[in-house]
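Below you'll find the structures, each written out as structure tokens.
Shared chain: chain A. Partners: chain B in the first complex, chain C in the second.
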Partner chain A sequence: MIAQNAAVLVVVLPLLSAPLVALIRNPAIAGAAALVIAALDAVLATLLLCQTLDGTVISYHLGNWAPPIGIEYRIDLLAAAMACLLSYAATLVALFLPVSLQGAVSPGDRPRLFAAFLLCLAGLVGIVVTGDIFNVFVFLEISSLSTYVLIAMGAGTDRRALTAAFDYLILGATGATFFVIGIAFLYVVTGTLNMADLGERMATAPKRAILVGSSFIFVGVALKAAMLPLHRWMPNAYAYAPAAIGTFLAMTATKVAIYMLIRMSDFVFDTPGEIGRVNFAALLPPIGLAMLLAGSVIAVTTKDLRRLLAYSSIANLGLMLVALGLGGVAGIAAALVNLFNHAIIKGGMFATTAAVLHRRGSTRMEALAGLSKDMPVAFGLLVLGGLALIGVPLTAGFVSKLVVIKLAFDQANWLVVGGVLLTSLITVAYIWRIVEAGMLAVPEKPRPRRDLHPAFILPAGLLGAATLGLGIWSEPMLTLASRIAAQMIGTAP
Partner chain B sequence: MTTADLMLTAILLPLAAALLIALAGRSPNLREAVTLAAAAGLAFTVWQLIAGFDAGTAPTIALAQILPGFTLMLRAEPIGLVFAGVAAGLWGLNSLYSIGYMRAEHAPRQTRFYACFALALSAAMAIAMAGNLATLFVAYEALTLVTYPLVVHWQTEGAIAGARRYLAYLLATSLVPFLGAILWTWSAAGTLDFTAGGILDGKLGDGALTVLLLLFAYGVGKAALMPLHGWLPAAMVAPTPVSALLHAVAVVKAGVFTLLKIAVYIFGIDVIGRGVGDVLIVIAAASVIAASVIAMTRDDLKARLAYSTVAQLAMVTLAVAIGSPLAIAAGILQLVMHAFGKITLFFGAGAIQVATHKKKLSEIAGIGAKLPLLMASFLVGALSVAGLPPLGGMWPKFLLLEAASARDLYLLIGCLGLSTLLTLGYLAPIFITAVFGKPGAEDPHALPHDDHGHGSGHLPLLALIPPVVTALGCLVLFVAAPAILRFVAPAIGLGVLP
Partner chain C sequence: METLLMIGLLAALGALAVAIAFMDDLLVVTMLSGIFSFTCCAIFVLFDAPDVAFTEACVGAGVSTVLTLAAIRLTGRREKRVGRRASAVGLLVSTVCGLALVYGTLELPRFGDPAAPANLHVAPHYLNESAAEMGIPNVITSVLGAYRGYDTMGETVVVFTAALGVLLLLGGSQSRPLHRGDAPARADRDVILRSVATLFVPMTLFLAPYVQFHGAYSPGGGFQAGAILGGALILYGLVFGIDRLNRLVPERVLQVIAALGVLTYGGTGLVTLALGRNFLDYDALSAGPTGQQIGLTAIELGVFMTVTCVMTLLFQRFASRRSEP
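After this line comes the complex of A and B, so read on.
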């Protein structure tokens, strides 16, 4: 029964349990409940992945209304893999969420924070499993509204969390409006909201209306993906949200926006040579390269570790867009390898940063002085993640970069080859700021050796191990990505 | 043990040693015992590999696949084994010297020092035994990263700036031109495996091959080809044993070794010899002369030696560029001979610093009287680096001259002759000043002598024995050079031995 309904349970479970968690008075119990629910959700997502691994597409009709009239949850390999990423990330973050809230959020507010966290998870998972474009909008709103709340809860540590949340609220709402206007255009000319159906009917629909509609959708998604120049909300949101929430957002929020680009690439965007749709190949590589460059350069100048990591994420999102823009099965596969690997690398770094914040009370670069002495494990994990971001061999980051560069090489796209290679150097510059701050800077007064709080060890350690493991044994990730891409394009894997 | 086991042992033994060193940090004597035992074990392992090497049965060990076609694998071949032998053999001597030097200098962070040293050796072994360019690249990057803590060791402002420069040069070259050239090779040839005769002939035009060779020559920043040599003098901020590691044991050697390997197994010697390497000949020859001239102007002993390395190892690049079996043989011999000569000189410069606390040519007048044995070894090392018989350093210069004359490169012959004079010009003053110079007034800027024993003319035995041994090595190598040539001859197609 559970296996058959996993498609819908994976959304319903966190969605319905969120209000119940908010009712629990005791923050410790509420935190444990959030962890259990996230873990159960991860089990459901894993079930979905197992069912779809052979190429099966699960189609679940809500209320037994057949599509295109009713809402369809459509789970292919991409959706299942994304659901796994989201629920695993939530589980890992839930492990250290209660500890990282100590002293940052008052105990009375914590149950509501856990509830918002579960709602956010439900919204994000909803986006990836639904086959209905209006449903995507609804879940996007659920996740966005809960994200605004979560970011604002960082105000206990830093009041700037409030402006960060407000910025994101205004920009996010604008993006959602663009998205829904775009949907309206498509609905008017095609008469359907089911994404599979939309793809077929758009072929005969008026080209101009489609172009306008898909442009609106593109802008809406671009904002969520922190695409240059619509990235303004993102660094502050990551830096001032409670550290554990920042970790969750870094692993999931923008990744889901990239997912939306990939998902809609077969009907809203990009069919080379066809007028009437937003052309990926022309748009994404320039935007991606600009993000790669700008994100890396700004990261060199930041004064706070979390902002540094956030700007580095902009650069990495740029790399995903570049890969997507290279097109074809290989392009989508390269983008997915980057998406999953980056979630792991950056998740590990943000989790470690949360652990440092928990001990130090600050993530400013000066506060890192002496880190290699009093928190050697945390320092080691940060350096490992940093090396992966640079693209040092034997880390997942090297694999990510190599697939993109190799693809660009084979297409003789020298601009991308040069751009990606050169930004590695800027990455060295900002990663080495962390190394010098943690290893060489002399702290004002030596601290006793107190490494990661135990709650952080499992999540940060697992993500660190995966960063190394996927760099050496990269085959599973590459196979998964190319299978997903093949299924998306409709060629046999 | 089988050859495959020995190869894995050579890489894993220093790695395990690094772990043990880190664990033994509380007890310095135990920690150093681990280093010395590992060094002895590694030297034995590599010796077994060399003694039992048979081209016909050399196994390939596949380790991992990073991308389809970009795999990690090991395969022993003669040039790599020569490099491995030099690095493994000198590690033990360098460690003995390190113990003398680091303890006399009361250096902090010694556990990190010895652990990173062991890691560097592990990376060097992986470079030596890499079976394809992918593996070599991975190990090359690892070597850069694990030597960073060694270069920054003193953690003073100057050390941090120097180490930053070290890292910037090495990563910038390896992440852009080197990786770019590897990808280009991969695209063009469809493989990255080291193959006898090369993999690129007929896949790219000669013009493209020339560009590719230059990308490699500058991408392998560790080879310190001018004008990308700046990291080497900058890295002189490191403790002297680290300088010895960089110059003689692993790092610059790994760079020129990589070039040799690329020339022999990626391009093919003949391909380079038919004109692809001509641009590089000019660059390398200019690098030899320019670096030698700059060396003459340096007052700091270690800076002088650093520029000397830039000049001497540009000769290996030159050998690669000439592209004949004879020239490659000269390059391989230069790798060995320079290692022994230069490590003697660095041991000497470091010992002078430990014993007298002096670092500059202008300060060392007359110190030779206190350190006769040390200065004698220094002289032997200097003469070997310059290429005079009866020392090992003569062979590569001699073969290089022959290779140049075989291709009628008369201007190059002139350059090589000039470089020998220049080498004497920048090394002889050190010896002459130290031995025959009259001690002048005490330099007011000199650091005050302290009461730990250094600065007082006392030299720990452990800082004296290694240079004496390596100086003797220079003598032995004069006799042993033909054996090395016979060992590598089949791999590089060297027919009649001179």
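After this line comes the complex of A and C, so read on.
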């Protein structure tokens, strides 16, 4: 029974546990409950991945109404893989969430924060498993609302979290409005909300309404994906949110927006690999390249480790957009390799940063002095992640960059090749700043040697190990990505 | 006649929006947004969507105005000028968006056109089959509660998330004990206000269950009924003081009921799962339209619980908070 209903349980489990967790009074029990639920959700997502690995597409009719009358959950390999990414990320973060909230959020508020965390997870998973575009909007609202709250909870340590959350609230709400206006246009001219059905009926619909509708949807998603010039909310949100929440968002939030771009290019817009009739795909490489360069350059000048990582994320999102814009099966596959690998690399670095913040109370560059002596493991993990961001061989980052460069090389797109190589050099500069701050800077006073709090060892260590592992043994990720891409385009792998 | 009315109302909306954008007295802005919401209500009625008008009147014009006023009380009435007043980029972006919307609508089918795609694809099923499948005449209720019931569950969770957020942000447990404020309406002075409220609140208490249970036949349902009952409780708190409201419905009780509302909705889905059907397949509860009706009643009850309690909770939180020293 669980196996055949896993499609809906993967969303409903965290969604309905959240109100219960919110009512628990003891923060320790609530934290443990959140961890257990996230872990169970990861099991369900894994189950879905196993069921879809052979190319099966699960179609689950909610309320037993056949689509397009009712809402359909439609889980292909891409949806299952994304659900895995989201629930694994939540489980790893839930391991150190309670510890990292110490001193930042009062104990009485923590159960509600755990509930908001579960709602955020449920919202994001709900977006990736559904086949109904209005259902996407509903779950986008759930995840966005809970994200605003989670970011604002950083105010216990830094009041700037409030303005960061407010900025994101205004921009995110604007993005959601654009998205829903776009849905309305598409609905008026097609009469359906089911994405597969929509894709078929668009061909005969009035062109202007489709054009405007898809443009509004594109802008809404672009905002969520922090696409230049709509990226302003992102660095502050990542830097001032509670560190554990920042880790979760870095691994999931913008990734889901990229997922939406890929999904909509297949379902809502009938030209696979190209987004819409106005062909937004042509926009993606220039925007992506601009993000690559701007993100990397600003990262070099930041004074705070978490802001540095956030700007580096903008650069990496740029890389995914470039890959997506290059088009075709290979383009989607390259974007997906980047998406998963970057979630792992950046997740590991943010988790390590959360551990540093927990010990030192700050992630400003000056506060890192002496890190290599008294937190050698944390420093090692940061450097490992940094090497992966640069794209050094034997790390996952090397694989990601290689697939993009290879693809651009095949298409003789020298601008992309040059841009990616140039940013690798700039990445060396900002990673060197971490090394310099952590190893060469002389601390004001010697600190006792206290490495990572035990709660951080498993998540940060696992993500670090995966960064190395997927670099050395890159085959599974590449196969998975190309299988997904082939399924999306509709060709045999 | 109707066209003229529509043009007049839309012109009023435009004028109000411009006025709101240029006003810097936030109290006036709040009042104008209230009027904006009421104008929207009138438009919704013209579009034959009285249930949306209901909710807009209660939530848009009523509750959100009260909440904004409470926020202004905590912060200040005048907008602080920072930076430039208007930016060329902002003007350009909004002009482009506006033009795009106009361009897109030029080709849309006429309002209410029976040959419009939206009226030919899934809508005929809703209109023709709903009576047989649900056994209730109000098609909107069957779309919201059954055909697209899962979306409605999501919306209920959105409402719950909003309450969770306000509780977290406006100092949940670490907050000071609830502030004992004076009743805003004083017994010796505001006789009319108090007597009107005394008459009005009980009537509203009757209206809410009516709207709730009549949702099968006429515009209404959990969202509307919840907004009405929440509005009545807020009115009570406004006139007779937040302390009396807190004594009537303690915050912890509201929190529990709000959570239970979500669980009632989701629990209905879990029950149908346990009976071996799909999530929210009300046919599991009983054969034919009866099953659908049991399911609809259960989920509307869940929506009602959550919406009522969240409305009241939001007001309590804002009203109980002392302004920062």
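Note that the second predicted complex is superposed on the first by the 481 of 493 C-alpha atoms of A that agree within 3 Å, B and C clash if a C-alpha of one lies under 4 Å from a C-alpha of the other, contacts with A are read in each partner's own complex, and residues count from 1 in each chain.
Methods note: a residue touches a chain if its C-beta (ideal position, glycine included) is under 8 Å from a C-beta of that chain, and two chains touch if they have at least 3 such contacts.
Everything numeric here is computed off the predicted structure, so don't read it as measured data.
Overlay on chain A: chain B and chain C fit together in the combined arrangement.
In the superposition on chain A, contact of A:Leu62 is made with chain C only, not with chain B. In the superposed model, the angle subtended at the C-alpha centre of chain A by the C-alpha centres of chain B and chain C comes to 160 degrees, rounded to the nearest 10.
Within the superposed three-chain arrangement, the count of touched residues of chain A is higher for C, of the candidates chain B and chain C. In the superposition on chain A, contact of A:Ala22 is made with chain C only, not with chain B.
Within the superposed three-chain model, A:Val417 lies in touch with chain B and out of touch with chain C [touch as defined at top]. Once chain A of one complex is fitted onto chain A of the other, the partner contacts of A:Glu141 are limited to chain C, with no touch recorded for chain B. Nearest C-alpha atoms belonging to chain B and chain C sit 38 Å apart in the superposition, given in whole angstrom. Overlaid on A, the two complexes show chain B and chain C touching no common residue of chain A.
Taken in their complex, chain B has these residues touching chain A: 64-68, 70, 137-138, 141-142, 145, 149, 152, 155, 160, 164, 167-168, 171-172, 175-176, 179-180, 183-184, 186-187. Chain A makes touch with chain C in their complex at residues 1, 5, 8, 12, 15-16, 18-20, 22-23, 60-65, 68-71, 106-109, 112-113, 115-116, 119, 122, 126, 134-135, 138-139, 141-142, 145-146, 148-149, 152-153, 181, 185, 187-192, 201, 205-209, 211-213, 215-216.
By the touch criterion stated above, chain A contacts chain B in their complex at residues 387, 390-394, 398-399, 402-403, 405-406, 409-410, 417, 421-422, 424-425, 428, 432, 436, 439-440, 471-475, 478. The touching residues of chain C, when paired with chain A in their complex, are 100-101, 103-109, 116-123, 125-126, 146-151, 154-155, 157-158, 160-162, 164-165, 167-169, 172-174, 255-256, 258-260, 262-263, 266-267, 269-270, 273, 276-283.
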